[in-house]
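Take a look at the structures listed below.
In the two assemblies presented below, chain A is common to both, partnered first by chain B and then by chain C.
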Partner chain A sequence: MDADSDVALDILITNVVCVFRTRCHLNLRKIALEGANVIYKRDVGKVLMKLRKPRITATIWSSGKVICTGATSEEEAKFGARRLARCLQKLGFQVIFTDFKVVNVLAVCNMPFEIRLPEFTKNNRPHASYEPELHPAVCYRIKTLRATLQIFSTGSITVTG
Partner chain B sequence: SSLDVLPRVTCPNHPDSILVEDYRAGDMICSECGLVVGDRVIDVGSEWRTFSNDKATKDPSRVGDTQNPLLSDGDLSTMIGKGTGAASFDEFGNSKYQNRRTMSSSDRAMMNAFKEITNMADRINLPRNIVDRTNNLFKQVYEQKSLKGRSNDAIASACLYIACRQEGVPRTFKEICAVSRISKKEIGRCFKLILKALETSVDLITTGDFMSRFCSNLGLPKQVQMAATHIARKAVELDLVPGRSPISVAAAAIYMASQASAEKRTQKEIGDIAGVADVTIRQSYRLIYPRAPDLFPADFKFDTPVDKLPQL
Partner chain C sequence: EVAYSQSTGQKEQLSRCVLRGIRRVQDLCKVLRLPSVFEGTAVSYLQRALQHPSFRLVSVEKKELLGGCCVLATCRQHNWPLTMGTICSLLYAKQELVASVLLSVQKELGISMPALGLADLVKTHLNGFQLFRHAEDIPAPFVEDEEKLLARTMQVVELASETWLVTGRHPVPVVTAAAFLAWQSLQPAARLACTLARFCKVAGIDLPPPAHLRLKELHEILLRMASQLAWLRVFKLDKKTVVKHIGDLLQHRIFLLKNAFCVEDVEEQQGAAQGEASPAAAGAAQEEGQPSKGKGDPEGSRGPLLPPCLLRPRKRLRTAALSASEAAITGDEPISDSEIEQYLRGPEEVRAFRRAKAWQ
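Showing the complex of A and B:
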């Protein structure tokens, strides 16, 4: 499709989602009352903490599992997670930073040409699935890389996985 | 059967000869000499004689419902019905024999789903072949058990959608939603899961699939329908509407065709029939409006000329 001008294909990572565990039970009420920049969602049982420095939104459960979203790179995700753990430590919990794992990376890429979705789907039968009533993009799954690409007709492509 | 190893009896005179069963009389007869060698074979003929002028509805030789062996593993069960006479009710007015014990328990859910499918198909007047196909799909999905957690109604609705697609007469998700209690989102999810579970794929929908239905519902004459079909097809060929759902394009084409003819329809009416918002029709219409003269078929009789078409 785009063989010769591979040079100018900018692909931007827009979101990195990671999880880590603090090996201790966290008191959500205490975090909600004493922490800065926190939102307590009692009906679901979690606390949202938004950090400004690396722009991170973290979802904290009382079991000690934390999910971190909003980072722009894997490095930043790790920094943000560590900073978060430090925050919790300052609030008085015995936090140990374990099991850090990047779960999902979302990237956006733009093709300089438009794409004809029905023909594309016909040529890539098993991998591509297109349902115009449900979603205007073709969903192309690559099993080997465990990646899902959403291909829009304007040429922009979203890669997750 | 008498073709097996002759079970107990042979004709004493002709030990090798084949015995013929005469089921009417319950005998086994030697085919060589006609000797009756076995008797009291169970008679599988009819219990009562039926005459042609007798009450046609009650055929006493049939004693069961039509079997559905393809779908529910053979239905040879008997159910005790509710009593009819006075003797079947005890003092308080409750019936004496309470439950019809659930006979086909293993496939109760499946039979329930089949009933639901028939109801749904009935509401939109789908022919029997689509309903049969839906039943088959449902059975396959049910046996696979990969979608066991999902509501049966959702799976049934998704099977109905797939069956319509496979038969070449797709119905939009919104149309299936209208006859089902399941949300479009859930039907869409089940649809994708079923395709993955059964490892099939379906053809893409085209604008032409819906033209005849939408136009008939709006009461538009054949000319307008053909014109709209032509417009939509041309619009997709020329790629004037990239990324738009074929339903929206079809609706916009119908709007354009109807506005150019004597039978004008408003965007709201078309949106109502097609299940698209009228702003969506407006958007798609704006995309095809510039090339309007090219899109109409060559022999179309314009009631309102092309340049006077409304511009939104």
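Showing the complex of A and C:
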């Protein structure tokens, strides 16, 4: 691939993780009884609630902390989180939607060429780490962005952070 | 005046945990016959790790693995070919746990670990073979000269590395498959009937499960290369008979790899075949046309040299691209009650659920 050639790359966001707080205690048994699409994990003290639109899964703790995963954009994540807060309000809790924060975004991208991982690792120390006995991809950390890239020999790259 | 702690040497005493860890590191270094310098480095890493806040409160199981991980890190820094599998078997530990402790040690202590050198790994792996001396349980035709086997195996491993069979894969199955092919090729008449499993049993090594797949891939590469060698084209080679000619294939591998996996020639031939309407050209186009359908069928027809996972890609479920309405979401849209009602149970449903006690 020439340095001058301009190739458009599709970067697809596959998952956005966000958190928010409800500023009130949540009765997990009540949510499990009166909420639909709910899984109650009594042993670990949390409830999983799934929404259809947007397609997200929320993990709800009795302290009022909620983690939402599965959205494909930050806006969708916020919309899903607000919908969930509204569900909890309808169930009778005094929910205040606060401290919303996107904590992780997972994206996938495909390079139009294959990558020789041992040589790539040698040329990119100390950012790159390659352990073929553990994982087939190179783990490349960018400290300034707090991002981690998993680079596969097929040219597929997964970015998290 | 002398303080009580100085007279009794309290501060010089190491805790039981540290002493146990140091003893384990020393035992591992003795078993693996490592140079004495390695022991000092590994012990210093262990002491640093046990004093680090991240490892002070970990489980006893993880503390026992710290010694092995420090030895592994030391070996890597000195380019000593020691695999994680060896450490796992010596410590009777699961690979996942050893891996997690090793990565934590690397991160918390800031130790840089170079990648495992394949050439050194081949030498160490072959050192463990029991094929180099005559023995009662080893048939005479199976005994081989160590230097010859090592040289041939290195060449096969280099070939595997050039043809995308090594990158992203566990190295030991590749080395095992390469050693098997090299061993067969040195005396094919007596050894072609021997399977990979029997070879590993005779050599006294474990058979790693992916070795069969690596062997199959190596056979495919060799067959593609053999199709470009003039004096082999007259023979109908298969995965057994191609082994006899590995010596020739390795000698001319640069030329053969270029010819066997050249994409430009295939495209030119397809273009020429489409331009001409003659039956001969049509026949050639049919034969060469297969690669145009995808990344190429590796058996018989040409195609680009790609990692095997690209030649036979697995079906991936990808999320569909956002539609226009979904792309317009801002996150602050109003939410109607009807949208929320679908996620709440009605009163009758709640009563039925409570009766069934299904939610407890």
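To be clear about the criterion, the second predicted complex is superposed on the first by the 154 of 161 C-alpha atoms of A that agree within 3 Å, B and C clash if a C-alpha of one lies under 4 Å from a C-alpha of the other, contacts with A are read in each partner's own complex, and residues count from 1 in each chain.
Throughout what follows, a residue touches a chain if its C-beta (ideal position, glycine included) is under 8 Å from a C-beta of that chain, and two chains touch if they have at least 3 such contacts.
Only a predicted model underlies this, so the values are computations on that prediction, with no experimental measurement involved.
Bringing the complexes onto one copy of chain A puts chain B in a clash with chain C. Shared-chain residue A:116: touches chain B and chain C both.
In the superposition on chain A, A:14 makes contact with chain C only, while chain B stays out of contact range. In the superposition on chain A, no contact is made by A:46 with either chain B or chain C.
In the superposition on chain A, A:78 makes contact with chain C only, while chain B stays out of contact range.
Of the two partners chain B and chain C, more chain A residues are in touch with C.
Of the two partner chains placed by the overlay, only chain C lies in contact with A:29; chain B stays clear of it. Overlap of the chain B and chain C contact sets on chain A: residues 114, 116-118, 121-122, 125-126, 129-134, 136, 152-154. For chain C in complex with chain A, the residues that touch the partner chain are 83-85, 95, 99, 106, 112-116, 118, 164, 166-172, 306-307, 309-310, 318-319, 321-322, 326, 329-333, 335, 337, 339-345, 350, 353-354, 359-360.
Interface of chain B with chain A (complex): residues 172-174, 188, 191-192, 195, 201, 204-205, 239, 242-247.
Chain contact summary for the complex, chain A toward chain B: residues 114, 116-118, 121-122, 125-126, 129-134, 136, 152-154. Residues 12, 14, 29, 32-37, 40, 42, 49, 51-54, 72-79, 82-83, 86-87, 90-91, 114-118, 121-122, 125-126, 129-134, 136-137, 152-154 of chain A touch chain C in their complex.
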